[in-house]
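Please go over the structures that come below.
Across the two complexes that follow, subunit A remains constant while its partner is subunit B and subsequently subunit C.
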Partner chain A sequence: MSLAGEANRGARGAVCGIYPITPQTEIVEFVARFPFTKGRVIPVESEHSAMAVCIGAALNGARTFTASSSNGLAYMAENVMVAAFYRLPIVMAAVNRTLGPPWNIWADQGDSLMFRDFAWIQLYCDTNQDVADSAMLAFRIAEDPRVLLPVMVCMDAFIVSHTSMEIELATQDQADRFLPLCDVPHHLDLEHPVTIGGMSFPQETLTHRLELDEAMRRVPAVMEEHRVTFREVFGREVAGDLEAYRTEDADRIFIASGSISITLKDVVDEWREKGEKVGMIRIKLFRPFPGERLRDLCGNVEKIGVLDRNYSAGTGGIFWQEIRAVLQGQGDRLVQGYLTGVGGGDVVPETVREVVRDLSQRSKAAAPIWKGIDQ
Partner chain B sequence: MSAANPPSTRTSTHTDCLLRPGNTNCGGCGMSTGLTMLGRALADEDYSLVIPACCGIVTAGAFPTTSYTVPVVASTFASSPAVASGVAAVNELNAKPDEKPKHVICWAGDGGTYDIGIATLSAAAERNENLIYICYDNEIYGNTGGQRSSATPAAAKTTTTPGGKGERKKEIIEIMAAHRIPYAATLSIAHPEDFQDKIHKALNIRGFRFFLVHAPCPTGWKTEPAESIELVSLAVRSGVFPLYEVFDGIDYHINADPDDTDPGEYFGMQKRFSGQDFDLLSVTRNIHERLDRLRRLSGISVDRISEL
Partner chain C sequence: MIEIRIHGRGGQGGVTLAKILAASEHCEGNSVQAFGVYAAERSGAPVQAYLRIDDEPIHNPNQIYEPDHLIVLDPTLISPAILSGLKPGGWILLNCEKSPEYYAAQERVATFRIATIDATSIAVKNGLGSKTVPIVNTALAGAAAQLLGMNLESVIEAFDDFGFHGGNIKAAREAWDAVRVQQQAPRPGERHQQVMPHERGPGILDGNTGAAPALRTGQWANQQPVWQNATPPCNFICPAGNDVQGFLAALTEEDVNSALEILLQTSPLPSVCGRVCPGFCMTQCNRSELEGPVNVRALERYAGDHGETQISVTGQRLEKVAVVGAGPAGLSGAYHLARLGYGVTIFEAGSELGGLMRTGIPSYRLPREALDRDIGRIMALGVQAILDTRIDHHRLEQLTHEFDAVLAATGLQKLTSVDLGVDLGSGKGQVMQGIEFLDHARQGSINVEGEEVIVIGGGNTAIDAARSAFRLGASDVRIIYRRTRDEMPAIPEEVDDAIDEGIRIDFLCSPIRMRRDDGKRLLSCQRMELGEPDNSGRRRPIAIPGEEFEIPCGRVILAIGQAADFSLLPHDAVLSKTQPIETDGEAPVYPAGDLLTNEGTVTAAIGCGRDMALMLHERFSGEKLYTDPPAAETVVRADRIRLQHFDRHHRHDENVLPFADRKSSFDEVRQGLEDVVEAKRCLSCGVCNTCDRCVTYCPDGVLKRVGREIVFDYDYCKGCGVCMSECSRAVIYMKAG
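Let's look at the complex of A and B:
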């Protein structure tokens, strides 16, 4: 994120409002140490203000970013909404941590998913490399004039945020080539004074919401375009909206997001070696939800298992609900939800094997199945 | 996307004030007069406003029109100093080497200042952000119909203190002075020259500058709209709302020393202080105590400790 901020030194600069919360703190500490040529990092008194600083700076034409997690995101919520409704290309690293109380610092996606209806683009990353590359891609998508929406780059607490792997880091030269200078077209202009965010009657508000919807719908195509540029500049692939793995001839498909998909991939390989036709899809882009492409990838597969590290009380996993909605009317198939690692529990290969075994034997869908509960 | 270099839509602030005619504010609104005075004081300046949820943003009117002649950002209720910090940071990053950065001014009510926004305000003051913060203090949540705030004075009746407020008004200037910000001052719309002088003074100071404007709200105070200026004038003269300034949080100056005007005149014009249980003696004693303290802080020897 810092390299992206530095890449805007030729324009209005970079501004970052920062506030610590475990396990996100190291991100903002790094940003605070970065020697920006034309940038300012403002250490504020709350997440609510961290986003407010980004809103003010973005409206004044700067490239802006911040990071948060869990209850910090909840506290920030009001301004998170403003960022999208003001069409500001703010990028935020969201480290998925269980919402408290009770206080729990481990991975759970319930925090960022509470913003699913806030008109933010959401990318769920699986590895450190995916986080670094997606952050870079996020600025390019957010600032694209066809989009102009904020982006949340989500990663699992500790499993991704506090583990190390060897990755290819971007260089400043690559960041400069990949990111055009940031242009917020509606930034404050003394020669063209307007009031941003005053009152609006229902008809005008309806138009505003429709425009948000249209911008959201343009995201998948814009993202594909910029993935091509990413490959040209960085010489490697960055994952797109959905990542399909061994789905071509599969008769059972498992769907997951975040770090669980890494474990799932290994288990799929195990079962393939046994001759079982299983495949998986990783959901990276959750907002907008790439429903059409998901339908295509699922084809006529009759059994689908969804692994959610999140839940909506009394209903089930949030990804499972979305998937059921997009597959609605697509034949009589079984879409079973599994609640895996809710509250931060480790999702080990055996947990995933249990899920695969359950779906394989299952002939009828049941209520979402909680995994990791001692019987 | 806007076309390249569209013609300026800026109006001259010399001929057209900050607040255009035709806005829907109430008659006798102290905030409206304050905005007009602010516009006149800043006629030669480039600036943007950040306004949180309050009557100040309703003043703009409905999209796509606006009553304001300068760029305005509406912030969430508690966020104006943080949003303004972001705006100011970019102004500083983009100021030409021989130029001062463009000004950013927060215009917020007492609810946004004394109550919901005080953490954000305190933090921006502690960071000594280069911005001007003006609180128009109508001593209630005016926009929502007149509920108590921590700026509501003791004994005032509001919709949530129907029997009169039992607690005192928060001393916001002292709170801000305790941050040792370079400049804090009170303003009165009954003293336009003092108003203008202090704004001009603030323009030449770098860092966090705080103003408190006494802003009558006839709807909430149950007063005659035509008497708003008379009311605030009485408030200054009787010591209810003294005009003073504080440099660097320690150096106090009284700008208009109160005379012997009876605070009872001020209270008597407002129905919010009516009723048999309104204790003028106790309220007046508090006013004199505050005034004596202010005089001591200003280095004036106090020889008229209240004899009430």
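Let's look at the complex of A and C:
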């Protein structure tokens, strides 16, 4: 997990307001331990203040990074919104941990998903390599003058955050080539004093929201552009908004995010070997939601299964809701939600096989189905 | 692919072990993956870690359910649960001192190959981790490398990434050599069943979630907390043997009667000690590290003056004991003997009981009502007193025939003198002894009005004489002392009061002679300096040659010490704290107090009187009532008190008589405390006061209070030591388990 911290250092992160919480603590330890050429780590007394430090630093033009998780994110919430509404290119590593109570340290995306309407760009990573590369990419997207929005780089608690594997790290030279010096165009300037975030009447606020929307809508294209640069500098691919796998001729498509998609990919291979036409899509970019591309990839496929490691009480998985909204009105399509690994359970191949079997036999959509517990 | 599951407990380093082995295998050119699954984050909780090794890239993010091998950091974790899914023929590496064959004989592991290594001993030997939780992972890495067929150098190379050097490398090498593997081939068999929970468990409304799961620690805890009251420094030093902490604890609950009762267990003179004790306990009080010692003396006085309790005779004895001398030692001995049921008769040379407490301590320090209150309590036990009867050598011999035992507590009857070239006691305006002066002053039979009074000495008698002279109207009072303030035996507060009252003290000054010159009396003095320490530990005063000077003087009062007069005892008597003096008569003679010890304080005399009385009792009854003093190492000093746990509270001092009222009055200077709030400043060093911090902070809820005691459930205690570190007063300590 210190990869997120490593990427931040590679980005020569200038200011880092940060407060520890399991399972994000290793990031704090990492950034606190390693000296930055220029800049500093500011220890604070709470997550709320951690984000306040980032806001202050970004408003002064600094490249900023922080990390949090679960209830720490909940406590940070007010300033999380402020960061986006101020249009500050802050990068945050969000380690997806179940919100308490009851207290639980294991993986669940409910924490970062509570910010889905806060105008943050959200990237959900599946592997260590994806975390390291996406953090680097995140700085580039956030600081792009066409965007100027903060980015959350999300990863599953422990499953990704605490797994040691071999990866390719950015060298300092590569990082410097990929990331130009940070420029926050509206940073505070004593020569030209302005007020940011003061009182605003409905008409001005409308403009503000419209601009947020326009910036968000530019993200997929900007992201694609920087992925190309990334490939040029690092010589490898970093995943974009969506990753499709064996969807071309599929009659059933399963959609997941985070580490579940790795297991899903293995199960798709199993089914393909049996001659079953199943495919999968990993959603990496959740905000803005890449609806159009998802519609294209799903084409006319009639059965879509969505595996969510999160849920919105009384409705279902949050990805499922988004996907259903995007794919609605397209024929007689079945979009079934499955709640898998909510609260941190390990989503093992057998669980995914059960999902595949269920969707294959299903002719009519039901309420989202809980896996791992007898309903 | 090889999949290994590691079972350990939080703090043992199991997850790091997985990472070390992954890094080592990476050094060998393999693809690796290592991660941990954490339980409730606390030391001692079961932790699993996983390791995958392959020559192909690894991407599976799942936990390992069907491991090829197991590494178990704590053998008490072996249960069917940890064998879940283990492939037959796989090895289990156990951290334990036993041989593989010991486990191999067990049916449930018969299908696996057992390997053992005593990683705990290796870790402890190489200083890895704490004594509470030795970190065993680097030793186990060496052992596992052997089993995995790795090159040990790959492990040591991996250590470098983790910053592990020295003892870690040694531990890995030792384990590499020492690991023992079961020779006999494992029995073929089925894979162990794996269990995946699906059933709906209790919810938050069922009222039983949120509690930490109880973890049986078994032999895993290698140290255990022990709850045991220790010795507070005040109790340890008190020469009277008082339970200082105990009576203060009663006062914190404003239970003055119980406080008095506790004091009366050891000393019959709390109203006296509460006024004239030098406060040995206060010099040792750990509260000094905060805002100053607890005002114990004033609190003892409060208990003595305001407490009410019934002291009764507890036993019945036929023996009769004569007590010679009604000073503190004699009264203390008489009190304890009377309580035990002995017939006690006190013989006192003076016309009243109390000895020097009455004649030698001025009433502005110890009013006679206070003394009478304490003495009244003793006499109420049926003690007989025969006054105006001096016991000499001959009479003592008679007493040994008339009584079954004699307690001799005549104090210090010989007054030290110095030749100033004039006759002692030759009339007004000359030289007299401080003790005599004080007795005259008490009786109003001396007049020093308008005189220049010089007091020679540095003890309490000197200060008392000087302050009495001041009250009797002396025009000028000065004290001459041959050493400095630091060496003065007098109670420091009394010295302060004397100085405040306008009494001058000439330090480093020794008298030589008095002479008369032109109708004026002059005292020539020698200027001194301090040399090497003498037998008393105080620096010896040495005359500075040629530095002599004269000061005018009216009356000179000598207060330079007293000594015991042994002439009443048998001629060949050997004085001992452990043996009485055997006499020609039947009765043994027990010397007590200053006659025996020359310690010079009321407090010490009380303690000695009691000790000798209890020794006497043991002789007649065979019952040993006195306890040996606690060992010095049981005393809880400030370094073991969690001072940061305590709020700051200023000390409560007694009101004092205004200076203007002291000039012509022997009214008591210190007027006592108005309440006992001061007692709440007591830290209760080494003695549980049921604050229950330990109960509150125990992360596993394994200790509870039963009555006033704390009991532990060692089956579930993991020996983390939180209770010990949360105990404010060093009542809980950890012992190796």
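Annotations
One rule holds for everything that comes next: the second predicted complex is superposed on the first by the 360 of 375 C-alpha atoms of A that agree within 3 Å, B and C clash if a C-alpha of one lies under 4 Å from a C-alpha of the other, contacts with A are read in each partner's own complex, and residues count from 1 in each chain.
Rule of thumb we're sticking to: a residue touches a chain if its C-beta (ideal position, glycine included) is under 8 Å from a C-beta of that chain, and two chains touch if they have at least 3 such contacts.
On a predicted model such as this, the values are computed, not experimentally measured, just so you know.
Taken together in the superposed arrangement on subunit A, subunit B and subunit C fit without clashing.
Contact with neither subunit B nor subunit C is seen for A:206 once the two complexes are overlaid on the shared chain.
Once the two structures are overlaid, the count of subunit A residues touched is higher for B than for its counterpart among subunit B and subunit C.
In the superposition on chain A, contact is made by A:191 with subunit B only, not with subunit C. In the superposition on chain A, contact of A:62 is made with subunit B only, not with subunit C.
Once the two complexes are laid over each other on the shared chain, residue contacts for A:325 go to neither subunit B nor subunit C. After overlaying the two complexes on the shared chain, residue contacts for A:167 are found with neither subunit B nor subunit C.
Superposition on chain A places subunit B within reach of subunit C only down to 14 Å, the least C-alpha distance between them.
In the superposition on chain A, the residues of subunit A contacted by subunit B and by subunit C do not overlap at all. Across the complex, subunit A is touched by residues 1-2, 6, 8-10, 46, 48, 50, 57-58, 60-64, 66, 68-76, 78-79, 82-94, 102, 119-120, 122-123, 127 of subunit B.
If you check the complex, the residues on subunit A that touch subunit B are 12-13, 15, 17, 38-40, 42-46, 48-50, 52-62, 64, 78-79, 82, 145, 185, 188-201, 204.
Note for the complex: subunit A touches subunit C at residues 22, 101-103, 105, 127, 156, 158-160, 162-166, 259, 262-263, 266, 346-349, 372-374. On the subunit C side of its complex with subunit A, the touching residues are 15, 18-19, 22-23, 26, 31-38, 41, 58-63, 65, 196, 198-200, 204, 209-210.
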